[in-house]
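Across the two complexes that follow, chain A remains constant while its partner is chain B and subsequently chain C.
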Partner chain A sequence: MSTWPTQNKYISQSTTRVDAAAKVSGRARYSSDIQADGWLYGMILRSKWPAAKILVVDLDPARKIPGIKAALVVRDAPFTIRYYGEEIAAVAGTSKQACLDALRAIVVKAEPKDQFVVSEDDARQPDSAQVWEGAKNASTPRVRETGSVDSAFPECAAVIEGFYTTPVQIHNPMETHGSTVSWTDDGVTSWASTQGIGSVRDGLAGALKLDQSQVRVITDYMGGGFGAKFGAGVEGVMAARLSREAKAPVRLMLTRFDQALAVGNRPSSFQKIKIGALADGKLHAFEMENYGTAGIGAGGDGGGGGGGANIQAPYLYKVPNSRVKQFSVAVNAGSSRAFRAPGNPPASFGMESAMDDLAVKLGIDPLELRLKNDPNKIRQHEYRLGAEQLGWKEKYRSPGSSPGVVKTGIGCAAAAWPAGGGSRDTQGEAQISSDGSIELRLGVQDIGTGTKTVIAIVAAEILGLKPSQITVRVGDTNFPAGPGSGGSTTCASVSPTVYDICNNALSQLQSRSGLADARGDNWFAACKTLGVSPLTVHGQWQPGLSADHACGVQFAEVAVDTETGLVTVLKIVGVHDCGLIIDRLTLESQINGGIIMGMGYALYEERVLDTLSGVMLNPNFETYKLPGIADVPEIEVVLVNMPERGVIGIGEPSTVPTAGAIANAVANAIGVRVTSLPITPAKVLAALGKVPPAMKS
Partner chain B sequence: MKNAETKGRKADGQKSRGFSRRTFLKGLGTTAVTAVAAQTAAVAEEIEKANAEKIIGPGAVPVALTVNGQKLKLMLEPRVTLLDALRNYGSLTGAKEGCDRAACGACTVHLDGMPIYSCQKLAIEAQGHAITTIEGLALDGELSPLQKAFVEKDALQCGYCTPGFVMSATALLANNPRPSTEEIKHGCAGNLCRCGTHPHIVSAILQAAGIEQQNKTMVVNYVDLADAK
Partner chain C sequence: MNTFSYATALSTGSARDLVADCGAYLAGGNDLLGRLKEYIDSPAILVNIKSLPDLDRIERGEKFWTIGSLVTVARLEQDADLQSAFPGLHDAAAEIASPQIRNVVTVGGNLAQHSRCWYYRQRDVKCLKKDGDLCYARQSDNRYHSLFSGNDCISPVVSSLATAFAALDATAVVMRNGEEQRWSMAQFYADAWKMRLAHNSLQTGDLILRVEIPVNRPRSAYLQASDKHTFDWALVSCAAAADYVDGKLVRPRVALGSISPVPHQVDAANQYLEGRGLDEISAATAADMILAGAHPLEHNAYKVPLAHALIRRTLLRLKG
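The block that comes next holds the complex of A and B.
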């Protein structure tokens, strides 16, 4: 079994990104920056109705707009529209302005349906409008039961019940979804903004009825995905079809509005939780009924739900007597997609809120309750580290006892991420030339997590070179295949693969050159023995160098203005383990990012749909609020280094516990719980009894 | 969340530099102009001048921009924004489109040294002004001290918002070479980042301003913890 070297020059140190200079100078060409020869703009016409039957789509007026080179329907009419923003047609033309004019010119004859539903609570009622014909909106509930819940609750010393809810969250990567596609007789090339070059290739090939080998996907730089950018997408397929029709490359990037409506989101959750503990604080009984919506994705052929909105419960705790009932409800809205740690942030928020409410009922410190019940040894240490870092003992006050109008409070919550290990199918190659230059090629993509830098660091470490001496190429399906960037698996996939490539390179160079050790000072001498043909070395993922299951705990300190209801996060302490740290610098960036995204989930973010019109009311950054730089608190990161476990990804666990920790800190500050995310000023004031309860979202 | 303040600041800043009575009058509808005009003869004269200018468009018209010290001559419909012109007609793709409606700041460029959202400025309006894009900060290939600090502090992840942040921060430091953390947050409040890189952006700007700071990240070896127990 392979093992990592223990004395490292670059691994576990801080190395700046290999592509940072390109990114800060504007030289980095993102998918939306690609300008293939003769390229055209592409745009999509979307439904203005939440439910309708499209009878006729007349594209001729659009084709007559000067500059328009192609116009196509997404599907042949008649067809059914199931949400506001669903795709109807697409156009390609020589300017954005021509495309805008063309979209306006398209004539759509439709029968709008007044039977539609966008609220989860309405949709789950038996007499609700049906999103999918002949199928109930609510899926058949799945029930899991262990122990004997009904007899266990009476045995508890304290029992609480709560209804904890989380909204639909939109990914909102800064670069929207889309691609430039060129479809010629030689095949299709797609410069896609994607997390999965392989899945886009296969998706395009399937949709366009081409061999997978005829499709090439390139992603040099892309502007974030967070789980929403794995497939080819309607926009990718339409870009290809428009390219074929117009005989020119087509760049079709979604608008910010498009992005909010149609390309994914995190499902909502409505968690009715009952939990009880024995007198010693040990969790004894748990019951949850949860439903949520994954949009139209929760319905369809199978009848109702599909399970897209299910979450883990009782999350990371072990409760001997537990009953969990869950179902999904379809609504007339865009489908959910994977979103950074799918299912975990809502699960953590619900369960950790309930834990704190239980601690209040038991009259014990909520941190104490966690230490008594968290089965994970690593997290036990992390809680102690974080508590010390925050000053939990000194700062903890009983709920609501903070004096004054602006009250402060602290709270904590935990993450458990079962994935994060490597994909064993990952492959790669290195090309080494006689001048000692080396290029590593892996068919993965760097979505901003620093994958290219990780590859350079590992290669430099194994070869005894500097990271700057390694040329890294990723983001091309012509390279040996790697995984999509999901599940926090990329780092643990590429690191062992690069280890293998480089060790293979060393052994080949050593046998060719006769040198006992081709590393470091000997590298160039060894490479000199190569002739005019560069050496190409293959490698693949090796066991023993990576692991899965990362943990983490976070602590939050907040100030709540009890007159305005405004919550200000003062400080977050994040304690996270991720096995062997590869690059401390980019790791810290990723944890900061997880925390800040979690803060958005806690306080600001929510998709708002109008129940009367079915229209999304906040499909832009003015009304869908992301955390801004002025909202970001002091963040202290404690990295728990565990080289003995090998490499583990961190992207997802870092965003899981933030909302729960903030919610608990708010409850600790004001003495009452806001049970619903996002914790807006209106909800805080309502919880304090200062205004009538906020309108139900 | 706190963007509104800075958007106001940017808009005001623009007005203080590029705003004239004449452009104001041109921007008013005829009725309003008539009402104002009734007040002074001088105003009436200006309106006459303004109206005498020929209407341009809707077809493409020649537009001459000065970008990073270079002349850029383009044929553009008058409704083409500066961002669209730079990216898609000028091949300067450093400024990014994140929202196309003055909410995210990824398109930030300088107009006579002032940071503006280039998605909210028509290209024809930017004529006669010195435009600087992210590509213009390292013209000789040497990164600016701020760009270097962004690299060293890892003040970027996916990097899509980075050009906008760098442009906002460059303008901030030009006016306020030693900003406080609060002033930095205010100066960059018109830029959004979804990767959550903000703490490192603040560090990078502080470093570029020569302000010392300590990294609060701690690394703890788990083995030591287990042993300590």
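The block that comes next holds the complex of A and C.
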């Protein structure tokens, strides 16, 4: 079994991203920057109805628009539309405006349906409009039961019940979904904004009926995906089909409007929780009924990878008597997709809210209740570190006892991320030249998390070089295959692979050169013996260098204006572990990003669908609100380095506990709980009992 | 957007002629271009007015200041003299959008901007304000909508400057068919109160020339409450202005934004405050009077306590 070196020059230190200068100077070419020779704009026509039968799609008027080179239907009519924004047709042309004009010129004959449903509570009623003909919107509940719940509740010293809800959240990466695709006689090349060059290649090949070897996917730089960018997508397939028809490369990047409707989201949750503890604070009984929507996707699968509406319960706690009933509800809306720690942020929010409500009922400090019940030693340690950092003991007051109009409060919550381990199929190679230059090639993609930097650091460490001496190339299906960037697995996949490549390189160089140690000062001398043929060395993921299951706890301190309802986050302390830390700088950046995204989930973000018209009311950043720089507080990241565990990914756990911690801090500040995310001023004022009844419109 | 022709006007007269009966004036363009791109409006011609002489000046007079309609919001925000003369106007300007947007948008454009109602702005919804037959907000999601309205449309005025100008009793000078008209803020938005299709009282071809602000209310304040800390629309905004002599209010005026199609002003409350000292009780009494008759709907009733708090806080700021 391989082991990591214990004395490190770069691993566990801070190294600036190897592509930082390229990114800040604009030299880095993202997928949306690609300008292939003779490229055309591509755009998609979407349904303006939430439910309709499409009878005829006439593209001829679009083809007559000057500059339009191709127009195609996504499917042959007749077909059924099940949500606002579903794709109908696509066009390619020489200008954006030509495409916009063409989309408006397309004649769609349709029978709009009055019967549609966009609200979860409406959809689960027996008389609701059906999203899928002949099928109930609500799936058959999945029930899991342990112990004896009904007899356990009467044995509890304190029992609370709550109804905790979370909205549908949209991924909204900086770069929208899309690609440039060139289809020639030689095959298809796609410059895609993707988290999985391999899955895009296979998806395109399947949809276009091509050999996988005829499709090449390139992702030099891409602007985030958060789980929604694994497949080729309708937009990717249509770009390819348009390219074939137009005989030119087609760039089809979605607009923000498109992005909000049809390429994924985090399912909602409606969690009815009853939880009880014995007099000593030990959790004893738990019951939950939860439903949520994954849009038109039935989506009953559990969290951890898919886009389903089920969540883990009672999350990270062990309760001897437990009954959990969950189902998903289809509505006329775009399907969910995996979203940064699928299932976990809503599960953490619901359970951690219930834990604090229970602590209040028991009359004990909520941190104490967690220390009594969290079975995980790492988190126990992290809670203590975080409490120290925040000053929990000094700052904790009983709920609502903060004086004045603007009340402060603190709260905490935890994460349990089951993945984060490496993909054992990961491969890579290095090409080493006689001048000592070395290029590593891995068929993985850097989704903005610093994968290239991780590769350079590990290679530099093993070879005794500097990260700047390592050329890293990723994002090309012509390179040895790497994993899709999901499940926080990338770092734990590539680090052991680079370790293997570099050790193989060293042993080959040493045997060729006769040098006992080809590292560091001897590197160039060893390479010189190579002559004109560069050395190509392969490597693959090795066991013993990575692990899974990261923990993490977060603390929030907030101020709540009890007259305006505005929540100001004063501070977040995030205590996180991910085994052996590779690069502190990109790690802290990941955690900062996860926390900011968690703040958006806690306070601002919510997809709003209109029950009357079925359209989305906030497909933009004006009313789909995201945290801005003025909303983001001081974030303190406390890292727990555990080299003995090997490398574990961190991307997902860092966003899990934020909303629960903030919600608990708000409840601690004002003495009443806002049970529904996002915690808006309107909901704070309502929780405080300040909102008068509505009058009839 | 649909095609349009484009011209740059060098005089107000030629600007008016070029706009004719189906054009639009283009200054900062922040609202107009959004409407064009969403096909909400399709004027036949855009008349660039940024080269019109004299409309980009801030002039300090003895009895009133004159703010040209082409003055950018960033200049309002950054003018130190203006900040000490009209702190409420400064604070309103500073709350608008983001620094980049404030660098571009103008005083005239801020006053003339259209409703931000998310039904009005939704490309696939034809609401009352787009000459449809239904106010969706009344029946559906009205969380950002009005507590008061004189017609079936409940989209509120969102101009932060209008709120501040109303409290300062400023006058907008509008050129209509070659003649200058002088409108109070109430008059500037009067049509929006009465008519579902109107966003303000401007008609095609009307050109805002300047705003005149009397200097006889040396104390002013503006506060807004939003979902976020910056770069967000006001859920409710409030401005108050007055003189404060020997602990008594003189010429007090209070106005609110985002709760009515017009800057919401209640004369009786202003009269109540006249000659009165400022304390929690007088401020709360004024707030009660200002919000009397509010018509909260299913999702916007929170605006009532929010507005009440803002009125009290804004008024108390006048004490200095």
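Methods note: the second predicted complex is superposed on the first by the 682 of 697 C-alpha atoms of A that agree within 3 Å, B and C clash if a C-alpha of one lies under 4 Å from a C-alpha of the other, contacts with A are read in each partner's own complex, and residues count from 1 in each chain.
Quick note on the criterion: a residue touches a chain if its C-beta (ideal position, glycine included) is under 8 Å from a C-beta of that chain, and two chains touch if they have at least 3 such contacts.
Note that this is a predicted model, so its numbers are computed, not measured.
Chemist: Tell me the contact category for A:563 with respect to chain B and chain C: first, second, both or neither.
Modeler: A:563 contacts chain C only, not chain B.
Chemist: First (chain B), second (chain C), both or neither: which does A:21 touch?
Modeler: Only chain B is touched by A:21; chain C is not.
Chemist: Thinking of the overlay built on chain A, is A:515 touched by chain B (first), by chain C (second), by both, or by neither?
Modeler: Touch status of A:515: no partner.
Chemist: After the superposition on A, what does A:613 contact: first (chain B), second (chain C), both or neither?
Modeler: The answer is second: A:613 touches chain C but not chain B.
Chemist: Of the partners chain B and chain C, which touch A:604 in the superposed model: first, second, both, neither?
Modeler: both
Chemist: With both structures fitted on chain A, tell me whether chain B or chain C touches more of chain A's residues.
Modeler: If we count touched residues of chain A for both partners, the winner is B.
Chemist: With the two complexes superposed on chain A, say which partner A:207 touches: chain B (first), chain C (second), both, or neither.
Modeler: In the superposition, A:207 touches no partner, neither chain B nor chain C.
Chemist: May I ask you to decide whether A:364 touches chain B, chain C, both, or neither, giving the answer as first, second, both or neither?
Modeler: neither
Chemist: Using the superposition on chain A described above, determine whether A:630 touches chain B (first), chain C (second), both, or neither.
Modeler: The answer is both, since A:630 touches chain B and chain C.
Chemist: Have a look at where A:77 lands relative to chain B and chain C in the superposition and call it first, second, both or neither.
Modeler: Neither partner.
Chemist: Find the residues of chain A that appear in the contact set with chain B and again in the contact set with chain C.
Modeler: In chain A, residues 97, 604, 622, 625, 627-631 are touched by chain B and also by chain C.
Chemist: Any idea which chain A residues touch chain B in the complex?
Modeler: Against chain B, the touching part of chain A is residues 12, 16-17, 19-21, 23-30, 32-33, 35, 41, 95-97, 172-176, 221-224, 226, 253, 255-256, 378, 381, 385, 389, 447-450, 577, 581, 584-586, 588-590, 592-597, 604, 620-622, 625-632, 634-642, 644.
Chemist: Sort out for me which residues of chain A touch chain C in the complex.
Modeler: Those in contact with chain C are residues 48, 84, 97, 100, 563-566, 568, 603-604, 608, 610-613, 615, 617-618, 622-623, 625, 627-631, 680-682, 685-686, 690-695, 697.
Chemist: Please name which positions on chain B make contact with chain A in the complex.
Modeler: 1-3, 77, 79-80, 84, 87-88, 91-101, 103-104, 106, 133-135, 137-138, 143, 147, 150-152, 154, 156-163, 166, 184-186, 188-189, 191-202, 216-223, 225-226
Chemist: Taking the complex as given, what residues does chain C use to touch chain A?
Modeler: Result: residues 1, 116, 118-119, 122-125, 134, 136, 138-144, 225-233, 235, 295-299, 301-302, 304-306, 309-310, 313 of chain C touch chain A.
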